[in-house]
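Across the two complexes that follow, chain A remains constant while its partner is chain B and subsequently chain C.
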Partner chain A sequence: MAEAEESPGDPGTASPRPLMRDLKAVGKKFMHVLYPRKSNTLLRDWDLWGPLILCVTLALMLQRDSADSEKDGGPQFAEVFVIVWFGAVTITLNSKLLGGNISFFQSLCVLGYCILPLTVAMLICRLVLLAGPGPINFMVRLFVVIVMFAWSIVASTAFLADSQPPNRRALAVYPVFLFYFVISWMILTFTPQ
Partner chain B sequence: MATTAAPAGGAQNGAGPEWGGFEENIQGGGSAVIDMENMDDTSGSSFEDMGELHQRLREEEVDADAAAAEEEDGEFLGMKGFKGQLSRQVADQMWQAGKRQASRAFSLYANIDILRPYFDVEPAQVRSRLLESMIPIKMVNFPQKIAGELYGPLMLVFTLVAILLHGMKTSDTIIREGTLMGTAIGTCFGYWLGVSSFIYFLAYLCNAQITMLQMLALLGYGLFGHCIVLFITYNIHLHALFYLFWLLVGGLSTMRMVAVLVSRTVGPTQRLLLCGTLAALHMLFLLYLHFAYHKVVEGILDTLEGPNIPPIQRVPRDIPAMLPAARLPTTMLNATAKAIAVTLQSH
Partner chain C sequence: MAAADELTFHEFEEATNLLAETPDAATTSRSDQPTSQGHVAVAVGSGDSYGAEDEVEEESDKAALLQEKQHQQQQPGFWTFSYYQSFFDVDTSQVLDRIKGSLLPRPGHNFVRHYLRNRPDLYGPFWICATLAFVLAVTGNLTLVLAQRRDPSIHYSPQFHKVTVAGISIYCYAWLVPLALWGFLRWRKGVRERVGPYTFLETVCVYGYSLFVFIPMVVLWLIPVPWLQWLFGALALGLSAAGLVFTLWPVVREDTRLVAAALLSTVVLLHALLAMGCKLYFFQSLPPEHVAPPHQAASLPTNIPLSPTLPRSMAPS
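Presenting the complex of A and B:
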């Protein structure tokens, strides 16, 4: 556990050291998501900074360039936020009700961090879209999104599966599948004007 | 941690009672309270620990301050010192009492254990109930059993939302006031909760033996047919196919619900009223979902102004039912792929 004199609640110290420590923790968790192994890091030291950064990045990238964006039904910033956070809350409640012994915020943390592959997919899709539309363009984007979608599910299952009773894992994983499916669908159907 | 902190804060300023809540939780054992405090064993975030540590240090500081202040006040400041100390103590006591009350109220209302029995299912049970929801049972002489669970219906409603979103996106539905996601969620949950309540109300009038939970479960599982039909017909745009599925699959799941309700209602008029209403609403909802979110975009575009609408949106989504056999393969294409082909041609 951290040293007592670096308490983040202490108003006197404005030193960058707690910030660097937090950033390092967030970065370490990103690595754990990219290379999912059965480990307890995400569960033991949960934090919500990573999910917040990812959610904001995703919501910003899903904005369209044109001014009259309310006419074509593209996701608004607040919509992406609400989908991600209420989706994560619903999945957490569901897994708790099914008998899982995971804490509320641990589950939010895992689900938020496992959006990282999809955020990477969004980045790649935006870059690919710069080359102009076309069927090859669509195929590339489809392939990237499907791979990242599978990666997200595998990563979140690796962390969440142990907290469920073994015979109900499928019941807990299905809403996770739906959640990432909706996000992947938003990413895949994004077309900048 | 509790045992070392309690004696430290116990006697001086009433910090003892705040750990009483911790003991309550221990006795509750295994309850799924959404715990916003530091009472959860499984979460070990460094931030939480720092918060606890900081609070303990502050308490010890306050104790030390209080002890020092008492001595000083007694010696140098006289009455004024005592008053300050007293007001501090009172404020502290009020804070502790308020915090205790708030946490108790929160744990009472945020206790999701009320819903726990309705989620007590196994995957095999969910699978068998999904299949049974498509099989109408002939025996209507004695009340048929309805499983009172909420996991299956809730997951089916969310699946319907996802399928609806998919359908709206591939048909480029334009929602002027609101968002796609909001519309999809509102429609599906509104139907499930609203029609369940309405049919429960009618069942109450018709003296049918069904509880609200059972009605929610019955209607929820009835949405399985809707999910299948919409999933297939949002990707294959043939009106004839849709009508066939509407009658077949929609009809089967409606008949199942109707049979269950008939077995629980006495009297021909009541049975007719209840089951007629449910059948009408269920079938019409499927019709509505297909046509409302899958409409011809060209009709909308005529009323919209603006020359800067890209040509990709002018591809008709509605395919007429009668088609020569030679053009049949093209109609099986997904609308998105077709739109891309059009864009390619225009470039």
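Presenting the complex of A and C:
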């Protein structure tokens, strides 16, 4: 991420321009995930702010209340965090070990940004759950989660598949599928207490 | 043709020198075992009696040995990244082939010799274990959902801690048991001085691929018919254990009968324990919960849902 020079006469004031520039870069990458097409923006100017924001949002929405029983409920904040980051690192290592020519942080960036559809699904699920229980409620949530899961997979493979030799593409894509499947499962089974 | 003979003779010498230098290349020399039949051997050059092996298989083994020779000439140190890259040097078709080989074990085809061919990989064991752990947790949770639909007095919860338990137990099984097995076989090799056992990675590979058949078994356990579940469990366990036994048999039959029988039965027993543990922990039939605090549910019988319990305010589903 590019630095901006501050005016040397004001050491105390932080210039707002780097923050706006970074936010714009993050927003641009969100757009690239929502409308995936072959472009190098996510790979070229990678950053990890977007994945961090998404992961924190998702973990905050997914965590169970502290008053809930410790043994039987949904994941804690730390568990979601660990699954997302540990999973992304494992997939990146796997991709590199198979001989892919993508760098470590580029791959983390792509995997993190492609959680965006699933975070949107989590938001929708929480809103739908406010309407009360019922089988229609469940079908709506199932449909939303399936659509967003497919969107995440398509978005990430659009960026990641080209970096592998063609006879190993399936080997590199399968862990991505498993990763987003686990996150979708956590979203679908979320039950507010 | 003298020139051709000279060339083949030279090749044979070079290969045997290389084999002598690298003792953990999983091959055996045939020269001191005239009575072994169709054993785990890779013969280069003019072989006399191949025992039960086909000519075609000898040719492909020869090609594999040459490839292995080139492969081993550039073995980097274990602190470099390319050392670990050599364990992921597989194609999609090879992984699928190995999975098919583990699903259909045949008595003559040793998994290690036939499918691995001195190129064990870590991709298969690692991702099969990961898939199995997550599938266990997901289907265990799904059984709870389905049970709750049939009997609304059962309290549903996501049970996320089961993911951790599944992951740790599967990975420990798939890595510690091969370690113990490999250590034991090496110790017996030291005692008997006969056959070279498999390398550690090959043992891990065999165990990892043999766990693949548990994945469809776990998914089929969603069907809530008890005798069907035990049937599927027995089938999958039979296939998986057969694969392990057929792979270990050539190594172990050189040993005394007692040790061979004890080792094979321990392997099968551990595998059976794993399958039963999965069934009992992740797919237990659940006690219904009173409105009273849940830790008093231990006083209830486990299999009979009590109808007079008030249904709790359920989690919306």
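FYI, the second predicted complex is superposed on the first by the 176 of 193 C-alpha atoms of A that agree within 3 Å, B and C clash if a C-alpha of one lies under 4 Å from a C-alpha of the other, contacts with A are read in each partner's own complex, and residues count from 1 in each chain.
Basically, contacts are C-beta pairs under 8 Å (C-beta built on N, C-alpha and C of every residue); 3 or more make two chains touch, one makes a residue touch a chain.
All figures in this text were calculated on a predicted structure; none of them were measured in a lab.
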Fit or clash for chain B plus chain C once both are placed on chain A?
clash
Under the stated touch criterion, which partner chain does A:F77 make contact with: chain B (first), chain C (second), both, or neither?
neither
Taking the superposition as given, does A:L129 touch the first partner, chain B, the second, chain C, both, or neither?
second
Should A:N101 be classified as contacting the first partner (chain B), the second (chain C), both, or neither?
first
Determine, under the contact definition given at the top, whether A:L171 touches first (chain B), second (chain C), both, or neither.
both
Between chain B (first) and chain C (second), which does A:W46 come into contact with in this model arrangement: first, second, both, or neither?
first
Touch test for A:F143: chain B only (first), chain C only (second), both, or neither?
neither
May I ask you to name which of chain B and chain C touches more residues of chain A?
B
Now for A:V182: first (chain B), second (chain C), both, or neither, which partner does it touch?
both
After superposing on chain A, check 9-17, 45-53, 63-71 or 171-179 and name the one in chain C that bumps into chain B.
171-179
Do chain B and chain C land on any of the same chain A residues, and which?
71-73, 75, 79, 94, 96-99, 133-134, 138, 167-168, 170-171, 174-175, 178, 181-182, 185, 189, 193
Using the touch rule from the top, collect the residues of chain A that touch chain B in their complex.
1-2, 4, 7-10, 25, 43-47, 68, 70-73, 75-76, 79, 82-83, 93-94, 96-99, 101-106, 133-135, 138, 167-168, 170-171, 174-175, 178, 181-182, 185, 189, 193
What does chain A use to touch chain C in their complex?
69, 71-75, 79, 94, 96-99, 129, 132-134, 137-138, 167-171, 174-175, 178, 181-182, 185-186, 189-193
Of all residues in chain B, which touch chain A in the complex?
32, 34-35, 40, 42-47, 49-51, 53-54, 57, 112, 115-116, 118-123, 126, 151, 154-155, 158-159, 162, 165-166, 168-169, 172-176, 179-182, 304, 306, 310, 336-337, 340-341, 343-344
Of chain C, residues touching chain A in the complex:
81, 84-85, 87-93, 95, 123, 127, 130-131, 134, 138, 141, 156-161, 164, 294, 314-317
